[in-house]
Structures are given as structure tokens and as C-alpha cells.
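Following are the structures in question.
Two complexes, one shared chain (subunit A), two partners (subunit B, subunit C).
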Partner chain A sequence: MPVIVESLSYVYNKNSPFEVKALDDVSLEIGDNEAIGLIGPTGSGKSTLVQHLNGLIRPQTGRVIVDGTDLSQKKVDMKKVRRRVGLVFQYPEYQLFEETVLQDVAFGPKNLGYSQEEAEQRAKDALLAVGLSSSVHMRSPFDLSGGQMRRVAIAGVLAMGPAILVLDEPTAGLDPRGRDDLLRHLSSLRAEKQMTVVLVSHSMEDVAKVAERVLVMQRGRIAKDGPTREVFQASEELEAMGLGVPAVTRLMKRLGEKGKPVSQNAITVEEAAEQIARVLRAGEGEQHV
Partner chain B sequence: MTTIISCQDIYHRYDAGGAGEVDALDGVDLEIDESEFVAIIGPNGSGKSTLAKHMNALLLPHQGRVLVAGRDTKDPDLLWEIRRTAGMVFQNPDNQIVATVVEEDVAFGPENLGLCPEEIKRRVVESLSAVEMTDYLKHAPHQLSGGQKQRVAIAGVLAMQPQVLVLDEPTAMLDPSGRREVLETVKRLNKQKGITVVLITHFMDEAVEADRVIVMDAGKIVVAGPPREVFSQVEVLRNVGLDVPQPTEVAHRLKAMGFDVPPDVLTVDELVAAVCR
Partner chain C sequence: MFRSVIIGQYYPVESPVHALDPRTKILITFAFIVVLFVANNPAMYAVLAGFTLCSVALSKVPPRLIIRGLRPILFILVFTLTLHLFMTQGEELFRIGPLVASKEGVVQGVYIAVRLILLLFTTSLLTLTTSPISLTDGLESLMKPFSRVGVPAHELAMMMTIALRFIPTLMEEAERVMKAQMARGADFESGHILQRAKSLVPLLVPLFVSAFRRADDLAMAMEARCYRGGENRTRMKQLHAGQRDVVAGAATLLVVSLVVFMRWGVR
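Let's turn to the complex of A and B:
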């Protein structure tokens, strides 16, 4: 179920003195079961792009095709599109409203026309998928911790059974454990449900943990698109854009400059430690000879 | 060293609905010196924000007392004096900006103090220059980036000429360059103007920049000390659900594999030096 974006441009406040070009001739394809990190400085067009993916914004110029449906056409079954592409906004826990966690998560599927029973079953499955046990079902969502509330909100989108899950800054404001838990659940969701996950994030460390492909946006355009390791190789370029690379990527680069034979494409702490250990072991070997 | 903020065995209880009462602060003792840069880290719900809000009398302790520049926060007559001494900056810049033009926003505080127009103008210019936003005097806040908005929010607090700046996750919503801008600004205000800084953050690489790191868990201070000392206790931090900076974690792993690497490495540069020895 691919998503195809073709020559998409979008201008806010068109034909007014406040005209802002948010997207400028963007083309890309998102395949099945991908793990994508979407990065870019504030105002680079990330949010505008993802809002096109489930029809919250209609294309002005160019096309967005989801599951064979062209969203620029007048008669589009938006309900169907939104069931396929789930969008989790920033701070989604502000949108919780029901009396119990279960009711809150079941709200989406009920709106899609599922019976009470089916909706609740979907809600239970979705809560399990984000690592929340049945002990929270009957609690008020507002009594939970920040990280738990965030996961309830994400479950609300999951319960609608999307094939593509787009999350805008899902770890902002979470503590490190909450952040790691959430990222782990996203990775396993992708594996178990064959979903495509698109992570919009300012955290290069998060992107390095989850994404296999990285899209870099700058001034409304896709400036880079490639495998995570490859994209993070261009650390100077990313830093010039106001982004960055994970600290370990900088570490490997510096060691390389010092003449240490480390592979430059380590992007996680585990990989970096492996690489350095190899170099240190080789060094010890030499001394003994 | 003069103590500027003194929290003396403070307790604060919240009614957590069905879950009964929760001790958000469970006996906290903390002294902060003038011109010190203190970072407070801890998992969600550990009491960091509750503690910060006690430092300018937004919250009052149910037990114990808080002194800000020697003034007891429980004395209602001292409230405005205390809030002028310790100013707060929050996570979301959009919730803190009140005016439609940058200079008016920064002028809001001093206007409320009833200062004369010349003095207000002087403070606005000085505060914006301290956060390097003078060029944006006449801009509308919505035209600014997240980092710029947060710097305007800081300028708004500076215009009150506080001795202490308390920042509650000021970079959580910013992109990497915005985060850097805000952190550099805070460091500069601390080093050059001697303003005491209390920074609450989930980013360990920000906490590394402080003179002292306070780790909170379940309403208590569990570890406190210079960053190098605190972050070398990788296991303790893990147990409360926190991270250490990535270079520290790499060093820790290498150490566990039996290599002779100092356990208190904090930055990329330090680790490179240790490996290239």
C-alpha cells in the first residue's frame, strides 16, 4: 500500500502579503513496512507534508496518492484514507477526553462504524501493543503518568488499524525511559503488524534508533533521502542546516580524523562501543608483538 | 558564597484523584548559591517542576520553608519581591508571549512595575541585547522560530532584573539549533551577568554544562554533585529511568568490556582523547 507524493507544492496565505511557501515541488514514495525518520529545522515543511498524507490538507499543486486513491480529486472517501494513514500530533495527550482509558481508545473505531464490542476489542489490542496492561483500562486517562498518557493517545490512533502511522515528535517532553519504551513499541509494532512508521523528530538519537530511511527537509524541499547511516554521514551538511547527528556519529568521525580505523557508519551507542573495542584490541595486540 | 535559594525540608502533596494523595515533594533540602548554574534532572513525575515552582512562590510548601534571597515564600507581603528576584521560563514559548510585537512583550513586565517610559525602553533594549534579539525588536512573535521565541520569553523575564532564572524544560519543543541557541544564551547570562540559573531538562547533554546536577526521583533528591561525578554513576541513573550522555555510555560499555577507559567521560572530545592516548 504505497503512498506516492508527486510534485507537491503548498503555499499558506496564497495571494496575500503573508504568502509562505511551505512545500516546494516535493516528490517521494513511501513503501510498505518502512521505518522512516523525517527531520528538518522548524518551518522546513515537515508538518505540512505529513498533513497531506491523510488528507488534512488538500494538495494545491501536485498529487498525493494513498492506496491508489488520488487525494487531489474532489470525491474522495476521506474516512477510508484516514483509516489507512494514522496521524499522531504533537502532545496528543492533550486530546484525551473520555472517562476511562478504554472508552477513550475505543472512540476512534466506534466512529468508524464498529460495534461497541468490536471497538473495545480493538482498543484492548491497541493498548497492549503500546505496552499498557488491562489494569489501566478502567482508570481515568488523566491519572496516568505523562508517558502513559502519550501511549494511550497513540493507541487511540492504532485502534483504527492504520497501515501507516505518522507520529509528530512523539517523544518530546518524555523522560529517557519513557522515550526508550515508546521507541521500542514503535519498532515492534512495525515488525508485528507490518506497518509503516514515519517518525517526525528533532532528536537524531531517536531517529537513529528507529529509522532505516531518513528524509531531510529544508525550506519546503526534500534535501536528502537515503538509508539512515548514509544520511548521518553528512554531518557537516546537517549541522549547517541547523540539525545535527547523534553524538556517537560525531565521535566516530573524530576518531577517523585521528587516524583510528573505525567504521564511520556507527549510529548507536552499541555500534560505537563495538567499533572502538575492536580498535583498542588491535592496539593491544600490536604492543604485545 | 551567598545562598540565594534555600529549600528547607519541604513537602508538597497533590490530590491525585482516584490514586489518593501523592507526595510530589517528600522532604527536599537544597541550597543554591548566587551565580550558580544548577541542572535538575529526573523522570516524569519525580517532582522537578513542583520544586521549580516553589522557587518563585507559584507553589507553597505544605511543610518546611523556602527562602528566596532570604525572603520566606509563605509571606504574602513578599510575593512580588520574590517573583521579581526569581523569574520563570516554561516549556512552550507560545503560552508565554502576550503581546503582538516583540518589544511590547518584553516591556509588559516593567510596565506593570510602573516604571517610567525611559527606564522601560532602556530595560527592553538591554534585555533583548542580552539574548541577542535586538534585531527583532519590531517583529511579531509568530514570525520567530521556536528558539527565538524562547529567547524573547527569557528577555521578558530579564526585564524584571531577576537574580535567578528558573527554566522548566525550555528546549523540549525546539529543533537542535533552537536548543543550542537557548542553552548558549542561558550559559552566557550565567557566566557574564552572574545570574543564577536553575535548568530543568530531560536532555543529559544540557545538564553536563551545569556546575551542579541534582537528580530527583519520587519527590526526593537521590544524587547531587558536579556533572562528572553524577554521570559516572551510570547504574544509579539507569535505575531511576534516566540516561547518561552518549559518550559517557560508550565509555561505560568499554569499561565493562575490560578496557582501561576513564568512567567519568562526559563529551565526545574527552572520549576521543581517552581512546587516542
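Let's turn to the complex of A and C:
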């Protein structure tokens, strides 16, 4: 079931000298099993938007409909909504609190009313899904490395079995390997559990790797919405917003300007490598003839 | 949820009260609190309330904001009011079972309530009109004379500056952790008192962990910049008491002596 956002606006500190307009007439639809990248400069309303998706913020004007439930209504079973839409905040490792990893991950399912055994089983599955072995189950979450803590925290949301997983800057502060691992797990989660993944990020590389559709936000509005490849073609426009495109996209563009016959729509390193290899091979061929 | 806590918040506008030297404001508040406990009849309270209201009006802080600050102490207000109503001996007004409400109790209760309200108004006015930095500068300068007898004036002031500085940060953090736990289905609002206290664990543990982490980082950052206490430290902004401080001081002195005179002067 999709998520529908209809002309949503939100103002922080309404009617005070600190008034800030965070969302301005935003409309969008998120379908099943989509992989969406949400990008935008700091303060463009990304976090405010994603907090609307699971009812942490109630709509001021406009509507948010999750699985046919209108979140602007007074009587909404929020637990049901939060089980459908899992939200992983920025630096989620700062929300860990339990004595053992397993207990911490089981916190969400237990809140949903699962029994101790069921909750633990879900926790174990979730930990496996983020690539943590059973050796960490009984350890204190505070003894783990930063990347492991991050994955435990994400497992804490996964264990609730959401149909839509929203992650706010999940790779911030991770080392390259931690980052690659995490993104790989996200992609496989989407493939295996038919999940919709919404990735909020400042890293265009991460977005290029995971997302098939990109939403660009600017000053509380959706400035662009389209397939990843298309959105990243507008590099000047994105750069004017203080964003950018993946480094390899920039490289291919430069190569194109130099007259090399490479396709300019490569957005990942692999695609770019393939393109460049093809051109090089073709060049070698010519020399030999 | 944390919006109603206004103690320690600063409301940045330009007003005669904001422009006062922080030392003047601290001394005035101190004098006012002392006199508040001297007052014992409606006329005296009227004088003091008038003084408070004038200060609020001069400060350009919206009265709504200050009144909202009463919310956290509402329980204490009602509690003391009821306690005095029933515990004071005197002329019977009405009774509920073995509890006798007295006329004197009403009077006494109202006095205490008014005293608490005025206390909160003036102290929040002090922090609303004085930025945390200048507040602690003022305190340090006032405590300086006592450092001869071993009071660590600078250290105390620094501790206060840091504490005040981190109130909003910790509140933001608390709100963030709370939202993160709510996203995991945590419920902070329902259940009986024991369940609610228990539901705070997922909020408090991360909050403490991050507070300690922040303290470590801050200590390291201070050391990296060669902080070594207040010895020979000079200031970028020197405190200056000017004409308006004299006027404010004189006004306060007038009110204080008026109340003292009303209490002990008329025989």
C-alpha cells in the first residue's frame, strides 16, 4: 500500500518570532517496493517531511495517508502506523539503552505487543539482516564499534517489520567499508522483503547506489522528482542548490567535453569503469588495425 | 513537551531591562526576593506586584511567555494552597469530613501562592532579559570579593555558564531521543505512574550517555585551548554600570524601604 502526501505544509514555532516554514505545499506518492533517495541542502525540510511519514509530526495543513489511514485525523492508531513505516534517525546509535544488543533490538517488537520469545526471534532475524552474527547478541551495545552500533540501531527498527524503511543519513560518520556494507544490506533487504526504502542523504554516491528514484527538496518544496539517472543529468541545477552529482558523473561529463565518446549517464563507479573500458578497448582496436 | 520550561531561556529583544548591568539585575532580584518574604499584608503585596508588573512591561517580554512558565509549578501552587486552607487554625469556612477549611487558611494560602508567583515571575524575568553569558559574568563579578575567603568564584561561574549553555542542547537531544524511541513504538504518555517511570529508561539512558560524552569532549576542547581557570583572565566585554542602573537601583531601594516601612514603621 502506498504513502500519499497531499499539499503538506508545516511551520515551526508558529506565531512566534522564531517562526520557520519547513514544508511548503509538498505533494508526493511513494509506491510499493520503491527505492527513493531524498536529497536537499540543510534546512530544506527533509527531516520534517520524513517525520510526517510515521506520524511523529502531525500535519498542520494538508494530509498524509499511510495504507489508507489519514494521519491528520484525531483518532489514529499510531503504533500501527509506526509498525508500517520504520524511521531510523540520524546517528541512531545514540538511542541505544539496553544491557544487551538482543534486548535493545527487541524493544520495538515488544512495544508492538509481541511476546518475549517472538520479540527475540524478530530481533535475531533483524540482526542477521544487517549482517551481525549471533556473537554480538549478549554483548553490551556500548562496547561495539561505531559501525556495529549503527547497524544494531537500524536492526531495532527493522525488527518491527516495517513495509517502508526511512533512513535519515544512515552512512554519516561511517568508514568506507561500513558504508558499503550498510548500503549493500539495504539493497538486499529491499529485494528480499519487498520493502520500500527511502534514503535521506547528502552523499550523492550513496543515493546513486541505492535509489531508483530521486526527490530533491529545496526551501520546503519538492524541486525535482524523477528517475535517479535523469535527476543527476541536471548537474548545474543541482550544484546551484548547493548539492552536486556523484563524482563519477562529473568525470564522465568532463570526458564527454573533451570529446571522448563515453555515455554521460553513468552514476556509479562500476558503470563509469565499464564505459571507460569500452572506449579504451575501442581505441586499442583502432591502433592495431 | 519542554516548551513550558522557561527558566534559563533568554528572550532577545532590546529594552531598558535588557540593557541593565547584569549585576544590577541580580542584586535587584535578590533584594526583591528578600522583601517578598517580609511582606505580610495585601498592600505590601500590591506594591511588590506593581513593581514586578512594571518590570515586565518595561522588558518587552510578552507576558504570555512569563505566564506560561507558571505551568510546571501549577501543582506546587495548588498543593500549598490546599495545605494552607486546611491546616491553618481559625474561623471555620466549610468542612470536608475531618478537614476544616478556615478563613485564615484562605488568606494564608493566597499569600503563599502570590509569593510563589511573584518569585517565579522575577526570577524568570532575570533570565529572560539577561543572556546566560552576561548573567554568569555578573555573578562572577559579584562573588569576586568572597574569593579571598576561599570561594572559587570563577569556577562556580564557569560551571553555571556551562550548565546554562547546555540546557537547550540537552532538551533538543531529549526530544530527538524521545522521537527515536517513539518511532520504535515507545509510549511515554499512557499507563500508571510506575509504567511511566519505567518508560523513561529508554530516554534517560541515552541522554546520560550523551551528556557524559559531551562533558568529556568539552573538557578536552577546553584543555586543548589551554584553559586553566580564572587567574589573570581578562575580558573582551567589561561590565559597566551606568545611569540607568542607578535609576533602577533607586527604584528598587524605594520599593524595598516602602515595604519595610509598611511592615515595621507604622505603629
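Rule of thumb we're sticking to: the second predicted complex is superposed on the first by the 287 of 289 C-alpha atoms of A that agree within 3 Å, B and C clash if a C-alpha of one lies under 4 Å from a C-alpha of the other, contacts with A are read in each partner's own complex, and residues count from 1 in each chain.
FYI, a contact is a pair of C-beta atoms (placed from the backbone, for glycine too) under 8 Å apart; a residue touches a chain by one contact, two chains touch by 3 or more.
Everything numeric in this text was worked out from a predicted model, so none of it was measured.
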item	value
Partner chain in contact with A:Gly256 - subunit B first, subunit C second, else both or neither	neither
Which superposed partner A:Arg82 touches (first subunit B, second subunit C, both, neither)	second
Touching partner for A:Gly31 - first (subunit B), second (subunit C), both, neither	neither
Subunit B versus subunit C, judged by how many residues of subunit A each one touches	B
Partner chain(s) touched by A:Tyr94 [first = subunit B, second = subunit C, both, neither]	second
Subunit B versus subunit C as contact partner of A:Pro246, first or second or both or neither	first
Touched partner set for A:Gly178, first subunit B, second subunit C, both or neither	first
Subunit B versus subunit C as contact partner of A:Asn111, first or second or both or neither	second
Touching partner for A:Phe142 - first (subunit B), second (subunit C), both, neither	both
Doubly contacted subunit A residues - partners subunit C and subunit B	142
Subunit A-facing residues of subunit B, complex	16-19, 42-45, 91, 145-147, 169, 172-179, 202, 204-205, 241-243, 245-247, 249-250, 253-254, 257, 259, 268-269, 271-272, 275-276
Complex interface listing, subunit A residues touching subunit C	51, 54, 56, 79, 82-83, 86-89, 92, 94-97, 107-108, 111-112, 142, 156-157, 160
In the complex, subunit C residues that touch subunit A	173, 176-177, 179-187, 201-202, 205-206, 209-210
Touching residues on subunit A, where the partner in the complex is subunit B	41-43, 90, 139-140, 142-143, 145-147, 169, 172-179, 202, 204-205, 242-244, 246-248, 250-251, 254-255, 258, 260, 269-270, 272-273, 276-277, 279-280
